[in-house]
Each structure stands twice: as structure tokens, then as C-alpha cells.
Amino acid sequence: MPIKISHQFDAGAIDVLRADDPSAIELNIRKDSHADITQWFFFRVQGARETSLTMRFLNAGQTAYPDGWNEYEAVASYDRETWFRVPTSFDGQVMTIDHTPTHDSVYYAYFEPYSWERHLALLDSAQLSPLVQLEDLGSTIDGRDLNMLVIGNPAAEKKVWVIARQHPGETMAEWFVEGMVEALLDPANPFGRQCLTEAEFYVVPNMNPDGSVRGNLRTNAAGANLNREWMTPTMARSPEVFLVREKMHEVGCDLFLDVHGDEGLPYVFVAGSESLPGFTAEQAAAQQKFISDFKIASPDFQDEHGYGATPFTAETLTMGSPYVTHAFGCLSLTLEMPFKDNANDPDPEAGWSGARSAELGKSILQPVLQALRAQ
Amino acid sequence: MPIKISHQFDAGAIDVLRADDPSAIELNIRKDSHADITQWFFFRVQGARETSLTMRFLNAGQTAYPDGWNEYEAVASYDRETWFRVPTSFDGQVMTIDHTPTHDSVYYAYFEPYSWERHLALLDSAQLSPLVQLEDLGSTIDGRDLNMLVIGNPAAEKKVWVIARQHPGETMAEWFVEGMVEALLDPANPFGRQCLTEAEFYVVPNMNPDGSVRGNLRTNAAGANLNREWMTPTMARSPEVFLVREKMHEVGCDLFLDVHGDEGLPYVFVAGSESLPGFTAEQAAAQQKFISDFKIASPDFQDEHGYGATPFTAETLTMGSPYVTHAFGCLSLTLEMPFKDNANDPDPEAGWSGARSAELGKSILQPVLQALRAQ
Amino acid sequence: MPIKISHQFDAGAIDVLRADDPSAIELNIRKDSHADITQWFFFRVQGARETSLTMRFLNAGQTAYPDGWNEYEAVASYDRETWFRVPTSFDGQVMTIDHTPTHDSVYYAYFEPYSWERHLALLDSAQLSPLVQLEDLGSTIDGRDLNMLVIGNPAAEKKVWVIARQHPGETMAEWFVEGMVEALLDPANPFGRQCLTEAEFYVVPNMNPDGSVRGNLRTNAAGANLNREWMTPTMARSPEVFLVREKMHEVGCDLFLDVHGDEGLPYVFVAGSESLPGFTAEQAAAQQKFISDFKIASPDFQDEHGYGATPFTAETLTMGSPYVTHAFGCLSLTLEMPFKDNANDPDPEAGWSGARSAELGKSILQPVLQALRAQ
Amino acid sequence: MPIKISHQFDAGAIDVLRADDPSAIELNIRKDSHADITQWFFFRVQGARETSLTMRFLNAGQTAYPDGWNEYEAVASYDRETWFRVPTSFDGQVMTIDHTPTHDSVYYAYFEPYSWERHLALLDSAQLSPLVQLEDLGSTIDGRDLNMLVIGNPAAEKKVWVIARQHPGETMAEWFVEGMVEALLDPANPFGRQCLTEAEFYVVPNMNPDGSVRGNLRTNAAGANLNREWMTPTMARSPEVFLVREKMHEVGCDLFLDVHGDEGLPYVFVAGSESLPGFTAEQAAAQQKFISDFKIASPDFQDEHGYGATPFTAETLTMGSPYVTHAFGCLSLTLEMPFKDNANDPDPEAGWSGARSAELGKSILQPVLQALRAQ
């Protein structure tokens, strides 16, 4: 059987230039469906058991984050449950994966995928808990449900918002949410128990359903980068932000986390709202306390490496986390996890992974609880 | 929150006429994507926790099998794992479901769905066994992989073919295959062990990937009823049959099972090839022996109720199972399971189900083994 | 660390003569606690990771069934979940296991053990089903509960009794019962469904609790071979039989299965009641029908190899299965599974196993159902 | 069926005075096997489905910790997996449980048991990890294996010792260890990953095998309270301490945790070594830092309630944790969890539980890592 490369499944994305010779497969990373963004890939190779594959991604140098391919290793899986890193190199233009699969069918991806079916299963199992209300905020452009889990004490004054996957290819964000929700609902987890006493949690596990299923890195079905839509979202172009923002203004917000992945930096870090004019000393202190607490809560989190100082521009308030600080005055952070590995504690086998993202999601309840109590 | 009805997910299908009043919801069953067939439905209702729903399917009387709604109860689930029957009635024109969901989100379907993700997971886990080769036969019109599991003894002369879901909405067929494959690969199952010694199995768990994802009852992405394509399949209209038929002619076939669901009859039964001109006494005996053995192997199988005598017509050889008898001279059967329940042993809670289909799939190895040994 | 051999755990049994040299370990198989029966062994070896062990069982030639060591391979496990066969030889006097463990701790046993904790867990999970009543019949000499599961239709006239592990070291008997109970309680299993309609099942998963925990092959805490106690059981010597027999006479019995393991024969077979004076042609026919049906239900069962004709003696009626035919006139069989392997379908890795025993337990519902319907 | 109360199983312990009337059952809590200590109970009641039980423990006022019965609720289970609290009262002399079981068999215990089989399974599964060495330290008086898991970096200078269940009835201690070991071996847990880089862990999950199986609260098979044996342990009276202490002196110790349960206080707390003459300011600071870190790591831990200042006496150095500070100069703590509930965050359903103990075991890696890095 000859090599076959396919991608017609949830989040599948690749352009095949040639696959006639296993040692000289040529691919292009595909654009987001309606935007000029190329970075996410996810495809299946069949017919290569015990065959040495050399897969060259010719346009890697022209993708959205070419630096993302430095020190990067792609993930692979035979069963889409266990994902492992495979030898990957980048010469500044072409990224190359060299791998010899041991089974008939193998999947390669930019990062461990999180499927729409798993998303629905997360909602399904959460709603069985008496602590959870499953709410529908509206529909996406493609007609998918934009769902939110409301968890905890409805009488609590404090409202904590956690949203994930504004950028749909940043699947680690939903793995993070899955871990966090599990901890919140685990009666043996003291952080979960106490967080749910102190606050009500509004959790949007997937802000970008259409982009997720389409296999986009950054954009929704209209080509919008949702994290640039927070000032003037519209139902036509960015219903996901429009609907969530509307609900936030309805119920209020005392703490906001926007969960992301970063293509370049091999670290977990947060970006805060310090560039905002009028960012107060008190706000800065709360932000700094969260960072300090989070460092204790998880050795995977650090604050040495990050985006650094970014000047306030017209774009700043179009982004979720600065917008929320601006609009609600509360602690508001963008959390970034790596596509690569955590360079402070590398795992040659799995790199940064879904499981590590979930564990980080559990650990965030610790700084969240501290922040709720400090308020 | 008002009632919301949605269907933008794997196999989702419904037309909503009005959903403003929970007690007077009006729906139409949607057509297959490119054919005038209406029967399959699968949708999600949100916002109806502890609300009494009355859902009227106005066009039920005009669907492909109106008789399918007599004595029929729809299935529902809160987590898409446990499915249960809900009160359903049919007045000859309108089918009505009356149900009060106990959770925020509930799914209703014609029968327990079998998703494309689960299909891929079935392939994934099977291929991890050293007894299995996972083969790609080609691609569907929508670009999905048409996969086949080759299981067992490559040196065995006997080739057993099992195909399922030519009609994609007959999901019980893939549940059946899942159970059968599990039994084949279970080292503690003596039928599995011995079947794999006697024969090599060619299993196509899903003959109609595109129709399955699109939420069609009967047809593929070109509107073709695959079980009328076996004489003259083409890559343009029925690549699924074309590719499987080609492979069958390449490797041969000694026993063929085509697994289906039947909309009308509340029984498990088979349809044989007796209407074929030239059907020999020997063939009739082999067919009768299989039926007798199967009755012993599973009390869920019976031969009292079925399609009865059907005259040979021009159409006969366009169907998989008669075609195979005609082309290969071997035992070849169409297996039908109910959408309703097994009237001989009804289960008011689950009706006929995925689990019962899987159990039937395990039990078929018994008559298969007998047939292999009798040859 | 030197080699350490220990056996102070559920069913642990061995006598260590010397263990100073891994290549010359000398053991004796230990006697049953109060009887002159030696055959069962179960022990743990520590300190031998990657060390070649030669373990000689010096008294194998004097055990109860020396022939049991011919063509026999012992079972081993690192986690007591996965058991595998290890190279074992017998020279007529000494049995020798040669094995190099790959972990720090390894268990060796005569057959895959079935612990008292697992027994309790079987009762625990069964009683959660609304179909089950868990009854206590009384206490053993050591004070353990003698439990029975009553499953099915209390209104059914037919009473089916299944007892296991009269001989406690024949653990395959309780694996068998576990599989059978699972099938009875599985709503998707048509044999389970219909058996429970036709009859009420009285299942004693472990007839010999004390012998099981003590690590005996054949006898209880008083040294009694329970399968020689059925004519005159007493609370002092054989309360297990006394209590079960009393209950049988109270509720009646229409079909009886006594589940065992056989040390010598590498086959699954039954012993019937044909040696009984007055065994009628009708009884013989029912027995023969069960055997024929069982052969179809499981390729692991056969009737070519077995105990052969055994003359009626004074001892005959002291055994469970003949006693029951004698007392109740009903179909009554002793079922035997091998300690070795099924020579008709050997599995070099696992041999005959707990899992295969459980599968056989599921398959027996088929001949049982036929027998119930034939009566 | 009349009420039957039994206790012949792992850790079973009760004296039944009368059980003829469900509304007036009279029990005595049984003594430890060779010591005058009464507190632990674990028994099974059969025949009381839907029957209101009143069980009076007549000697509760004379047990080792009568105060333990104030504000105490016993645990019960139908399947020994899910344990729940049942209404329990104490009048200063008699403790009374009032409960109506909903199944045929129900277990009652002082606290959620941790069986010897589960202990062996913990060792089994841990040893499958390449990060683990499973060591045998020697044998107990009853002949059980005293096992230790050695986990992590053999090259690391720092040696962390964690021991549990010196007092065998304090089963929460082994639940704690199970959680801690799981976290240590979870590649996605950053504390586990980093702890294993910084140190080598010596974990004794069960210091008192014989007392555990015998159903003792405090003592081993010789009647010794192991936590009073650390100055002069002997192989005759306290081999468990003798062997562990010997190994500690062989490999060294840089941090020591001795895990316990406390009968009286409804809190999680530690007891330190501050009563030791010559306890340095540096030692006090390290101890205080651990306490502060642990409070952050788990809201279930607190330092407001505890044993308070205890004067140094002759007995002090006979206890594990002071002895270790004395002998090794290192940070050494006795960790106590409640039998009752955590009064700071009560769970009416489960109270303090095995699952919460395990979660606490995971969280301790955080202060341990801080302590390792501070040294």
C-alpha cells in the first residue's frame, strides 16, 4: 500500500504537495479557513508501518510564527490517546519531521488535539453534577452551541470567569479547563470545595467552536481573531466574544482568566494589564500577588520569561484580558502555555502535554482562592 | 433561558419549525443531504430542565418508512453514553415525543448514535493488536478514509467479509461490528481464537463515512443508496462500494455479512439469497444451517419474522448480499436489527440498543465458525 | 538483597527448604491445613530482579496428583492482575520452575488465585443490582460468612443451583461464577435476560471460604473434603455442605452445577450421574442434551476426554452432583476445568486462565436455558 | 432472615453481645490483639435491608479515646468502595449508631479501611514504574513482608522518609501515602517530577502489617505501640521499627514524615520536635517554614489546633518523629489527620475520607519540595 495522507476529520489540516516517496514527503501548512494565518496542522498517515518517513513542511518559514519551529518537536499518536514527540528540525525555511511509525496508521499534530466530541463530553459529564448549570450563550456562525458551565455558589458575590481557546488551535487551553473543572467538582479537593464556597465560576471551555472543528489556529469561521474583538464585537463577525462579553456585563466579573498557548516561548507565564493607563498600584499588587501565589502552586509556572513590557496601543483594549481590567477593574490575566516544552522541566517523551495542562488547571485554584480571599 | 434546539454536530439532523413554546414544539425530519429520504434525526435541546416538552414531528407520515413510527420510542441521553427510550406516539401523520428532561442539556435521536470519533477510536485500538492490519481502501467523496480491519490468519484460505452501515443511519450495525471485533481480539474468547485460526476476516466497520457524519439515513454524499450500487458502482457516485467490491474480487470471499437496521420490524433477522435464479440446494442448506446455528447462538435472533419471499428483479443484484452470492457463490446474508425493540424480549428502558447490538456481534462468531467448518 | 520467599497472605502456601542460592532453591508443597493433601502453592519471591531462578519442588512426586505436574506450567505475576505461564518441568519426582523475573517482586502460584477480598467484592457489586438478593446461609468453622446470591424471578418455578470451590484451590471455579453472574446481570445479554425469566438462580460463589483463605487445595478448616460430605454433612465437620444442602431441600432444585478444576486432564468436561442405580433414560437424555448444547455454546468444552465410566460405590452419593440427582431427580453435573491448559486450543502465554474460566461461565447460560426450556 | 453480625475478614473487629433485636443491638469494641487498647471496629451486618438498626457500643466510655466519640459519625458502605457517614451519638458511656441499610449487606467501620490486598496492590503497581525499587526490609512477627518503596534519583544526596500506619487502625495514613506515591509517579505532576530530581524517597506505606490485618488500632502482634519503640526497638517486640530505623541509619535521612490519624481533634495538623532539648533556632525555622508552606499547599491543613506544647519527658525520644530529629538533626514531623471530619471544611456526607487523605498526600509534595530546596 502506498503512503496516504488524510485530514478529513475534526481539526484536520494539511496541504499535501507530494507523498509518492516516503523519504521525500512535501507538505504545506494550511491557512486558517478565512484568514491568512498558517500554523496548525493535524493529519493522518497510513501505509507507513516500519517505513522511515521524512516529511518536509515547505512553507514553515512563512507561517504566522516561524520562531515556533525552533526547538520544536511535533506530536504523534497511534491511538489519539497517547501522544509523543517525534524528531523535528527547522532550517529557517523548512520544518522536517523524521519518524518511522510502528503501526499502520499514525496521526501527527502541532499539539495534542482536543476534539469537539470531547468538548461535548466535558459538558455532558459536568452537567450531571448538582453543582453545575450548563448554559447556552448563543450560536456561532457555523451554528454550533456556545456553552458555559456555571459552577458553585449562586449566592456568592464574587464571579470568576475562565475562558479558553479564543485561539482554537491552542488546544492546551481546553485541556487546562478540563483539569480545572475536574478539581472544582472533586469533593475531595479542598481548593475546589472552598473556591465554590467563595465564588461562582463562569467557565467557557471553548470560545471558538467553529475554528476548533475547522482546524484553525487563530480565527473563527469569519476569519476573526477573537482576541482582537473585545472592544467592538458583533454578532456577524465575532458572536463568540459578543455573547460572552454581554453575559459578563450582565453578571459581573471579579477575576478573569483567558487561557492560551504560545507558539514561541517554552514556558508557562501570564500577561497582565500593566500597560493600561490608570492601572492602579492596588491592581498591580493584586496581579503580583497572583503571580507569586501561582509560582508556589505550580513549579510549571514562572515569571522570568514572558512578553515583557508592551506599550499601550489602540489594539490593547481589543484583547480580552486588558478589556476586562478596563471594564470591570478586576484582576485579569492572559495565561500562556507552551506548544513546545517547559524548558525549566523538559519531558523528552511528551513535552508540554494535555495532561500537564490539566494539572496546571488544577493548580490554578490555589492562587484563585488566595485572590478571592484577598479581595 | 428559552428552549434551544441545535444539531450542528456529528450526525446531527433536524428541521426546527417552532420552539418558542415547550408544549408545542414543531419539527420536521430532515432529508438526507442529497436524496429524498427522511427518517434519521438527532438533535440537542437546551434550556428545558424540569420542563415538560412536547415535540411534534409534523412530517413523520411522509418519511421513508412511516411504519417505522408505529410502536416506536425515540432514544434520549444526557451524556451520550446512557441512552434510554422516551414516550413517543404516532397518529399516522405526526410523531410526538413527550418528555421532561432532568438536566440542562438533552439529546434525542432516532437510535443510539455511533460517532465518527468512535469509529476512529475503534480503528485505533484495533490496530494496536498484533493480530490486526489496518488497511485503507481509498477515499470517499468528502475525502474521508474508507478503512478496513484485516484480522486473523493470513495463511487461512477462508476469507470472511463483514461490512456495516451501507446505510449510515443504521448505527446499530457499527455497534454490532464493535462487539464482534472485541470478541475476535479477546484471547479468552474461544470463538474469537478459533475463528482467527480458520479464516482471515475483512471487516469494514463503516461503509458510508460521509453519510454517517452528515446525519443521513440511507445515502452517501452523492445521494447514492449504496446497497443498490453493487452491479455498477463508480468512483464518482459510489466509491465506497466500488473500492470494497474491487478488494473482494482481489482477495476472494467465502462468507459475507452485510449488517443493517430495519425501520419497521421489531426483530433481528436475516435476508438470504434464495430469490437468486440458480440458488442451489447446497447453498440453501448452508444458509439454513447458518440460520439454525444463529438461533442457538443468540436468543435475540429469530427467523419467524422477516422480509419473506421476494421475487428476483433487476434490482436484486444491485444489493450487496445477493451480489456476493452471485459473484462468489458463497454464503451471504443481510443481517437486520430493529430500530424499535426486540418484541420477543423487550426492554422498556433501553429497547434495542448499542450494547445489545454489540452482544449480538459477539454471538455471531458461533454460526460463522460452524459455517467455516462445514465448508 | 538476598532472595526472600514469603507466603503470609490470602491463600499463600509453601514450605521453603533453602533459598540461599537463586539457582538452587528448594521448596516443598505444603499440606492442606488439617489434611494430608498437598498440591496448592502460592508464594512471593523478592530480591530476584533479573536473576535467573531455579526453584525445585522436591515433594512434587508425593503430592495428591503427581500426574498434575506432567505437561504443567506454573503461573506467575508481577501485579497479581496479569498472570502468565513460566517454564516448568517434572521428572516424576521433582517439579522445577526456571524463571528470571523482571521486577523486584514476583508471585508464583498453582493457578491464578481468587482472593477473599475479590469474593467479597463480587458479593458487594452483585447486591447493588435490584435483581439480586444476597443471603447468608450461616458461618464456617473459622467464622466466615457462607453467602449465596439469589438472582432472578422469585415467581419462577425452576430453581437453578450453581456452587463453586468446594475444593478451595480450584480457583477457576470462582472465576467461572464471576463470569456467569456478570452475564446474568448484563441487561444486554439475551441469555442472562431469558434465564432470569425462566428460573431463579441460587449461586454459591465460594463453598469453602476457610480453605480458600488458608491456601488449601481440597479441604476446609476441619480437614474435610466437602465433596465427600453430601450424604451426612454435620455442622461440626462440614457446615458448608450442611447449610447449602438444607437450603436446597427447602427451596428445591431443578438443575445443579458443581464447578471444579481438574489437576490432570487438560480439558473442560463434565461428570454426570450415569453411574447412579436407577438413572433413567430420560435423565440420560437430558444430560446428553446439555452436553451437546454446551459443546455448541463453547468450543472450550468437549466430551471426548473425561473421567470415563465410574462404578457406583458407597462413596458416590457423598459427592454433590450425584447426591443432587439422587435427592432431586434433576439434571446435575460436575464441571471440570483444567489447571494446565485446554489442549484443544492451547494458549502458550496464559494457558487456561481466570479470564477463560469467566468466559466459559458466560457461555454456560446457553445450555442452561435450553435445559430449562426442555423440562 | 435474622440479623447477623460478622467480622471474620481483613481488619474485622467487634464483640457482639446481642443482635436478636434490630432496635437493640449491643456491641463492645474489641481490644487490640495483645494490648489493652480498644477503639477500632469494623463489622458487617446482614439481613437488615430496610430495617432500622440501633447499634449500641456499650463500652465506648472505656475505650482508649472516649473523646473520640464526641461529634463523631461512623462510616458505612454497601460495596466497600463508597463510604458514607451515618448518624452516631455518644452519651459519655454508650455510642449509638442509628441507620437503616438499603441493601442486604452493609459494613460499618471506625474509618474507611485500607486492606492488606490494597496494600499489596499499591506495591504491585508502583513497582511496575521504572522509577521505583521495591525493597523488603524484613518480616513481621506474623511473617508478613515489611516493604518499602524507594523512588526517585539514587544520585540525589537528599533522602526523604515517609512512614505510615505505625498505628494500624489509622488507615487514613495509608490513603495519604497512596495519593503521595501517585503524585510522585505521575509524569504530569510538576511536584512529583521535581521532588524526584531533588531527592530519593523512602516510603513505608504500612509500618504495622500485623496490626492492620488483625484489626488493631495501635499495636502490633506483640502488643507493642510502635511509636513508643524508637529508642530501643527489638526484633522480638518491634521488628518493624527495628528494621526501618536500621535502614534509616544506613542511608541517612534529611526529612521525615510519620503519618497518623488522631481520634480526638477534627483537624489536620502536625506535631514537631520543639520539645527536644537543643532544638535549634534553625530547626525551628525550617519546621515553621514547612508548616507555613503546607498551609498554602492545602486548605485542609492548619496550625491553630494541635497538641500544643508538650514537655520533654523520657518518653519523647521513643517516638518516631522526635527520635529522628534527635538522631539525624533533620526536619521531622508527625502528621495527624482526623477520624472525624475537618471542622474547617466539613463534608456531611463523607466526613474526612480516604479520598481527602489521598489528596492531602498529593499536596504535601509542595512543602516537601520547598524544604528540600531550602536546605
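Labels A, B, C and D are assigned to the chains in the order they are written; within every chain, residues are numbered from 1.
One rule holds for everything that comes next: a contact is a pair of C-beta atoms (placed from the backbone, for glycine too) under 8 Å apart; a residue touches a chain by one contact, two chains touch by 3 or more.
Quantities reported herein were computed from a predicted structural model and do not represent experimental measurements.
Visitor: Indicate the lowest number of steps between chain B and chain D, counting one step per move to a touching chain.
Guide: Each step joins two touching chains, and the minimum needed here is 2.
Visitor: Going by the average position of its CA atoms, which chain sits the greatest distance from chain C?
Guide: Between chain C and every other chain, the largest centroid distance is to A.
Visitor: Same or different: do the copies chain B and chain C touch each other through matching residue numbers, with over half of them shared?
Guide: same
Visitor: Distance between chain A and chain B based on Cα centroids, please, to the nearest Å.
Guide: 37
Visitor: What is the distance in Å between the mean C-alpha positions of chain B and chain C?
Guide: The answer is 41 Å.
Visitor: Hey, how far is the Cα centre of chain A from the one of chain C, in Å?
Guide: 54
Visitor: Enumerate the residues of chain C that touch no fewer than two other chains.
Guide: Where chain C is concerned, no single residue meets two or more other chains.
Visitor: Please categorise the chain-chain contact pattern as a line, ring, star, complete graph or other.
Guide: Shape of the chain contacts: a ring, since each chain touches exactly two and the loop closes.
Visitor: With touch defined as at the top, which chains are paired up in contact here?
Guide: Every touching chain pair, ordered by label, is A-B, A-D, B-C, C-D.
Visitor: Touching residues of chain A toward chain D in the complex: what are they?
Guide: 186-191, 193-194, 293, 296-300, 345, 347, 349-350, 353, 355-356, 358-359, 366, 369
Visitor: Show which residues of chain D lie in contact with chain C when the two form their complex.
Guide: For this pair, the touching residues of chain D are 1, 4, 6-10, 44, 46-47, 78-81, 103-105, 115-117, 120-121, 123-125, 127-128, 133-136, 139, 142-145.
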